[in-house]
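Structures for review follow.
Presented sequentially are two complexes of chain A, the first with chain B as partner and the second with chain C.
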Partner chain A sequence: MSAATDKIAFNVNGRDVAVAAAPQTRLADVLREELGLTGTKIGCNAGDCGACTIRLDGAQVCACLMPVAQAAGRRVETVEGLARDGRLSPLQQAFHAHGAAQCGICTPGMLMAAEDLLARDAAPDEAAVLDALGGVLCRCTGYRKIVDAVLSVAAGAQPAPVDVDGGVGARLAKVDALPKLTGAEAYGADAWPADALVLRAVRSPHAAARFTVGDLAPLHARFPGLVRVFSAADVPGPNAFGIYPVGKDQPVLADGEVRYRGEAVLALVGDGATIAAIRDEDVPVSWAPLDPILGAAAGVAPGARRLHARLEDNVLVRGRVARGDPDAAESAAAAVATGRFETSFVEHAYIEPEAGWARRVGDRVEIFVTTQTPYMDRDEVAHVMGLKPDQVRIIPSAVGGGFGGKLDLSVQPLIAIAAWHLKRPVRCVYTRPESMASSTKRHPATIAARFSADRDGHLLSAVFEGDFNTGAYASWGPTVANRVPVHATGPYAVPHVRATTRAIHTNEPPSGAFRGFGVPQAAVAHETLMDELAAGLGIDPLEFRHRNALRVGSVTATGQRLEASAGLQACLDALRPRWRDLRAAAEAFNKTGAGALRRGVGVACMWYGIGNTSMSNPSEMEIGVARDGRFTLFSGALDIGQGSNTIMTQIAAEALGVPASRIRLVTGDTDLTRDAGKTSASRQTFVSGNAARLAAEDLRAQLARLGNTDLAALPEISPGFVAIGRGRFDPPTTALDAEGQGVPYATYGFAAQLAAIEVDTGLGTIKVLRIVAAHDVGRAVNPQQVEGQIHGGIAQGLGLALMEEYVPGRTENLHDYLIPTIGDIPPIETLLIEDAEPLGPFGAKGIGEPALIPTAPAILNALHHATGVRVRRVPATPDRVHAALREAGVAP
Partner chain B sequence: MAAANGAGRILAGGTDLLVQMRAGVVAPGAIVDVKRIAEMTTIVEELGGFRIGAAVSAAVIGEHERLAQAWPGVVEAVNLIGSKQVQGRASAGGNLCNASPAADSGPALVAAGAMLTIQGPKGRRDLPVEKLHAGPGRTTLEPGELIVSIVLPPRPARSGDAYLRLIPRTEMDIAVVGCGVSLAFEGDVCTSARVGLGAVAPTVLLVGDAASALIGSRLEPDAIARAAAACRAACRPIDDKRGTIAYRTKIAGVLLARATAIAAQRARSH
Partner chain C sequence: MASYLRPRELDEALRALRIAPRVVLAGGTDYYPARVGKPLDDEILDISAIDALLRIEEDEAGWRIPARCTWSALIAASLPPLFDGLKAAAREVGGAQIQNAGTLCGNVCNASPAADGVPNLLALDARVELSRVGSVREVPIAEFVLGNRRTAREADELVTALRVPRPGRPARGAFAKLGARRYLVISIVMAAAVIETEGDAVASARIAVGACGPVARRLPHLEARLAGHRLGMPAPAIEAVDLEPLTPIDDVRGSATYRRDAAATVLARLVEGATR
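Take a look at the complex of A and B:
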């Protein structure tokens, strides 16, 4: 291949094209950047995620691994070619009807892989589907609805009907599904002005170092396309951001010292080709590495270097909940269970890396970006730029997965500052390694816990000490440290409690928000110990949990009396028949002596406070009606794939008494919508759903007052609208006192899950065979979406249990950092319990985080049932399981 | 290639090269696309065996019925290189040349006794596949040389092969340990055996002592145990997050026993 750029001709979706590109240019880049076919997504640029899957002469290939020259003369099909004459293909229809797309970022790749399969095999079985789609990663759906969708097409069935009108309780199809299915959706990397400059951050290769930047003139001379190099000195306002007013400690660009590997130090801005050509080693940064503080224990070791001058012991925050006298209670107990547990850094691994672009408009800056929290982004960017919040506009792109990781700033301040100074649009798309190195993680936890119970199997006491490695900067560390002690008992009535936590700084990635805010780590501890207490007392593990389950009238560790909607016992009742059957089947299997294989079934429970902990977290919504009778819901609640656009529409439709198809959505744009808070803490259905309900009820009341007036005859009170309803909801909570007593949440989700597994004792591998998940969601506003959340949460819980462990510098890609593939997720049965929450919209609570929490401990308890071995460190990788089996004499 | 003075790189499927170029690991002076060289992109049956072009994709190898009948272990291994949509691009030759000790094709081809046909500025030569790797990411190829084809020998009656690997998830992963076994029998007695091990040393290993333990045996438990012990003894693995030294070593023996059982089963029905 020469470097000459003769035109390369091929056929795309039936159209002949010829592009002038270097022959080794990746086909994915040519499709997206040259041909505008952004339906082909780039998740990793390494063939690990499959988001860029296209068909080449009919066969599925990763377009990111394909030099464009090798496409010459061949037939390329992309997702944009599937729908014909505005009609979805049968496969697209099936994805729509089955709810197989959540965030949608993997959907094009999944569709193309499945098209390839169905072209080769018109009637594939499930194994063939798993094989064909095995190279496409999905982080949202847990894959099961994708499998169902493909199999439904294979079966040749008429596509299932798509519900477009249903209210609360209906399986309304995702209202924003179509662009995700056709490839038209614009994610953070999919839209940019033609004249945008490109920004790339130079990042620290060291976990801890001081640095100086040398003379940049030679760099500019060597790369004329380099427009400007930004450094800490170019940050117009305070060079510090962070979630909490007390925790604004993270620089946009480091100022002389870096505190973790991956921290941004400079921002290179120029034309795309130039920025791609500049290597980090071309940039004159001199590093003086420091001994890094690695691990929470090192952070609090006597004499440890301070990461932040204001904290003398590297402890960012302490949490505490105390009630009764656990030591006295324990001394009178019939059984005590004690354990020490460890969890790892976990990466969000959304398939869409951080991306966006910004432009300056007069004295304002507008940012198009993938985010979970437009209003917080607006305020944070304004802070670091020294602007007023209304000088910043956030226009959220479609979000290709978040899970908490897009609650923190990423590209936003970098592109805003560059666009501000240069008065030109500036674009930035993180690479996969950059995304993984620089973004926040789930807190690694070290937990020491002790529970006791009386002879009748009633819990007496819980003592819980948790150290959470919060990494280099505060981020959401305080949230984890505060939320965990409240949940440390698990969903059980425990009269005597002492739960303490510390969030400890280290020279590791900032630990932030990740689906569950520390509660999944705590659940590993309390659910293991529940099993051990039950065993010690000779009580069935499920019945032990049932006996102690929080219920209406129970008092929690914070002294809160539960007034309603506490359906854990109903969840366990629903599981009981499966529990008995699956346990018996596993024990029968093990009696047959199946070589190295052992089966086991475990149960685990959880509770989860919906919304922020003891903090005001209001949502506001508006809904307008036009003269033609159409409604527009202005929703600041960001749909990151979990489905809030659909849920808000259903709630508003129900409250208005109109079909959902009459409601149009305007979402997220901070100039157009009211603040509906963050998409986090499982709060959107409960909090923003209430705001949507109240807005719709307000509008309905206004319309009722108008009687039979013809809307078309009314004056517009604002452009396009004759009436606007408004709603605001802030969940009633109280502050926690020094002993952690108070009402931290207005309501809680409850759940219990079973995991049936098979252990290969020769290898230490675990195959999950089946999950049964019973969740009290108050009211399932949309059962299909609730199932989708449960499936996806279980997939992430399975990853937490068995394979996910982020190691800085070692796992900054999707082949060394493992997330579950389609073949890892077993059949999942969901059992929805609807113990209505009087405060919730039509009784609903939240589901996003509860779905994940019980899965890992259920798997660990199943491992014990199968083999008698306890693993207290996750992930329970094959080598750790094997070592435990050998130690116990189960494996040779 | 010769003109590039050692800075040239071969492009077959691109599944490794494009990633390395992106990551800045390599910056080739010239890229030579071999996907259109007929000899390198076809599978021919010759002399009772098979000559597989080095750039033939894994998917094409997987669909070759007679090859899959004769060498199921080799085909299984090649079909574990990446995912379905990577297999449409990735080749066994590329997988070998990337020289990862964990490459799935290595142990199975070593067990099969595959020979490489190598073309260079000085002409052609043949090389046993186990002599290709010099260390992680390094081969013994001279500057300007490339692998043209991979030759699998004829298959005698009552012979069979198998490849097993261990990964923490179901698919698309790098082997923690990989083990290829090829066996031939006369009656119940194992008359020839070859064992290849991957991901337990800087290069793929041909474990002669394991083969010796199997040859002449009827695969009695004692023979299997001695072969497994030979595999463990041959291991010089690294400790990393995919597996500890102790674990990889132990698993090499377990996989040897299991792969041997599968290969023997296939030999009996061959």
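Take a look at the complex of A and C:
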């Protein structure tokens, strides 16, 4: 029999340890909190994500599902044990060389699962790799580079050499990969002072309710370790935050009314054991539920209750782009295609939940936190705390995935307020259900669209009406409502356009930023209708798109003339041979009568404006040179796994004319770096990359003026540096007028993708067999990183198409909310088109969001090719596909 | 303060349960997910140190799968084709991490409507061995799983094993699972079959469907129609009456209508494959 006080002894990575922990404590917690082995990550505490995978006596298990008592006397191996004497293991080297780690949060779990496999089977095939790694979720990579890395080790290949010096165009290995591979990287939950208190929010179980908080004295009496319970009254400044000056409507802690399930109402702060012991039902909150407004249609229904007093119709914002006379044009058209489309809430499902800690330093507060936007966080926290921005310092942790979801505040104001009042460090780590319930989502969209074309297959008109469910608070709702109309035509020249959008409040999670800002939803509509128009006119779908593709000289729906770098036709040209082969192969397969199976191939295109819509979004960079000739790039461009640390280094190296290994990086700390804006809108390569280039060019010019002077002999102009170059770039755009006319973006990414799928008509299931992706990126600063973005975007697009649907209260975990696993992502062929953007750094544009946008409609178009059935609501889950097949008489 | 017992001997475990009810923990793969963000303050009986509950045993009467047998141990065990369905299910439970820790007995005790083990155990005609101080009883699996998260286990009992009887004739098992992604997926529908053969015909069939009601159910009408079916001949079509025991619901994984249709398709393919 074990008592709580007995020490539990086991071996970790060859070292004998004994811990005094309660025996039921999760082994993952003991490894992280007691032994400091934070390389073992916690993504869900439920065995759903595999981030905590370790080996126990050689076999992979989830450390979050194992009582520490069961480790007694056994051999535990964690990621920290892989590298020996500072040398990466062959598997780690392979991950490095293949670019198999992006954000790196799943990497320890992937490595341990793969180690388990390779110990049992020295030469596994791909199927064995998929089976062995199937229990670890990755949200960044699309898995293919991980599979390649494991197979390369299995094949006994010498690890590929890792490029550490390359400039623009080189496959430079990720400059920040090593700590991700060894487990040394500090994510939001991985670093905290020993004396930190723990904070946990009490959240609303209701979508809409009024509430009162009762007497807290009994709670304090029962839990002496409870230091303080914070409420709305403790927010020092305005208890309202939000992205836009006009949209500051979200309370840090709700004040008597909640507007969505998961909204924070109180914050409990105390020692960790106490906070863990308090159940929500122990806290005296009395709820008076209200009838919730669910769905955008309910939000604008006559007589609907107002969510916010300032909005009488629950419409947060309207967007509009209008040009020409679409109604008249349509009346003269040879073909018209019309459709109504629906999409769902989609969860970002980064594997790292929100986490961080804060402390008060004099009259300042410092926050270590996982974030995509340190400077906006600084300003927002200062706002709710009634401080000046320079009284807040944001020190970004490594970020275990963001995808837009870490552009909004989460733990930041809670821990800042608590640390401020208590004058002690305060730490907070969200649970997975808390993360999913409280964080923003992709906007569900209801879109009615109509396109027309003439007899020759030239588009004439587009009419697009989109309602976006923006949930309880403004968040990034205005961005979606403004970006979508600009992109509503798809990447095609359409002379007559009317595109309108509404962002509508409901009692559902705030919809915010998610990779694409509404454009993926719009693409489902326009790409389906392109296929239908092509079919109506008897034109091949790919050729129809080619005929209408925006190109240099085209005028967009906002009246912008594209001056350069519009490579959609080149993308389609690159796809054409694969399109013909794959279409023919699918049609041949279907003629063989393969039972219930049908194959199909679909194509879809996209365009995407890089950077903010018609708004200034500058980046500033500095690069210094020391007496020893080493360079330090001060980059505020936050790398959330997508690779901007590497890209900025390559651009600076190229502009300086030095090897990349000569450049050291200081990133993202608001006290140390200049504002490089947020990591969103696919803007870092284009905008911050330009700032890095300009800073490096500035420094290079300064050094050139010095001639052959010995750097070591120069005086330091600031500590450690003899010269500093500075660069600033803000993309040239103009405001849009009332009809949405103007220059919303300085440049656009373009892409076309093919999806080859197999449909089981008996069950309605879809297996994606292959994706071919052609992307015009202007210039691939790092082809490996670009491929990684494309793979990862495709995986998210596949999830959007087939399985992802967040339902508040129902899918607040990673087993009811499904994201693609390693077995769901097919081989991906990437074709990089480099139609250089003259404004871009060395010609480069962005890739982060473009990668995702065409995938879902390509799959839906492939479904139609396979079966003749159209599904206009995503995700196209098996039951929805089956229902559509039955209705069409295709299913048995 | 909650207590945590981790005895080495079965007797000690049973004595503890006689004194007071405890949450029984083996692999932890259901215990911890049910307590995300909640205190771990249960009175726990951890059976993972009881060596007597580890190894699969075989005798004339059949097989005994003890309480600590994991999915991985089952996959690795040398077992006849009768167990092919159960092994197929084992490969589909969670990921390798879950298979290495989770147990079949735990799957049964957790009594999820979507438990991948249960339809197979119904098809195998398995019995649940329940031990308490001084006595052991066996309950047919169909009488053990009573509803969603409800079983016939009394508070002072421990499920010590599953017992699978040895069929009197050659037998083969099969399993099929339908989910919305490749790995780590909770079944929308699943079906298991055990076919006993005599010569080139089906002598008897036991078929069960899971995730189509609070508990997995046998399909007696379909089983009866399969008796005498010639192997290799086209399998009989699934009829509505075959599915009468099923009571599927609408949930996030699929509609009731879809579940019923999909169950018919899954069954038709399963039967076709198992009677080849």
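The criterion applied here is as follows: the second predicted complex is superposed on the first by the 889 of 892 C-alpha atoms of A that agree within 3 Å, B and C clash if a C-alpha of one lies under 4 Å from a C-alpha of the other, contacts with A are read in each partner's own complex, and residues count from 1 in each chain.
Please note the rule applied: contacts are C-beta pairs under 8 Å (C-beta built on N, C-alpha and C of every residue); 3 or more make two chains touch, one makes a residue touch a chain.
Small disclaimer: the values here were computed from a predicted structure and weren't measured.
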Simultaneous placement of chain C and chain B on chain A, clash or fit: clash
Partner chain in contact with A:A419 - chain B first, chain C second, else both or neither: neither
Which superposed partner A:P67 touches (first chain B, second chain C, both, neither): both
Comparison of chain B and chain C by chain A residues contacted: C
Touching partner for A:E434 - first (chain B), second (chain C), both, neither: second
Touching partner for A:A355 - first (chain B), second (chain C), both, neither: neither
Which of chain B and chain C A:L316 touches, first, second, both or neither: neither
Chain B versus chain C as contact partner of A:A277, first or second or both or neither: second
Which superposed partner A:V484 touches (first chain B, second chain C, both, neither): neither
Contacts of A:V759 with chain B and chain C, given as first, second, both or neither: neither
Partner chain in contact with A:V807 - chain B first, chain C second, else both or neither: both
Footprint overlap on chain A, comparing chain B with chain C: 1, 23-24, 26, 45-48, 50, 53, 56, 59-62, 64-67, 69-70, 113, 116, 130-132, 134-136, 279, 433, 762-765, 802-803, 805, 807, 810-811, 815-816, 818, 820-824, 877-879, 882-883, 886
For the chain C and chain A complex, residues of the former touching the latter: 1-7, 25, 27-29, 31-33, 36-42, 44, 46, 48, 72, 91, 94-98, 100-101, 178, 180-186, 188, 252, 254-255, 257-258, 261-262, 265-266, 269
Footprint of chain A on chain B - complex, ascending: 11, 13-15, 18-19, 21-24, 30-33, 35, 59, 82-86, 88-89, 166, 168-174, 176, 240-244, 246-247, 250-251, 254, 258
Touching residues (chain side chain A, partner chain B) in the complex: 1, 23-24, 26, 45-48, 50, 53, 56, 59-62, 64-67, 69-70, 113, 116, 130-136, 279, 433, 762-765, 802-803, 805, 807, 810-811, 815-816, 818, 820-824, 877-879, 882-883, 886
Residues of chain A defined as touching chain C within the complex: 1-4, 22-26, 44-48, 50, 53, 56, 59-62, 64-67, 69-70, 113, 116, 130-132, 134-137, 276-279, 431-434, 596, 762-765, 802-803, 805, 807, 810-811, 813, 815-816, 818, 820-824, 877-879, 882-883, 886, 891-892
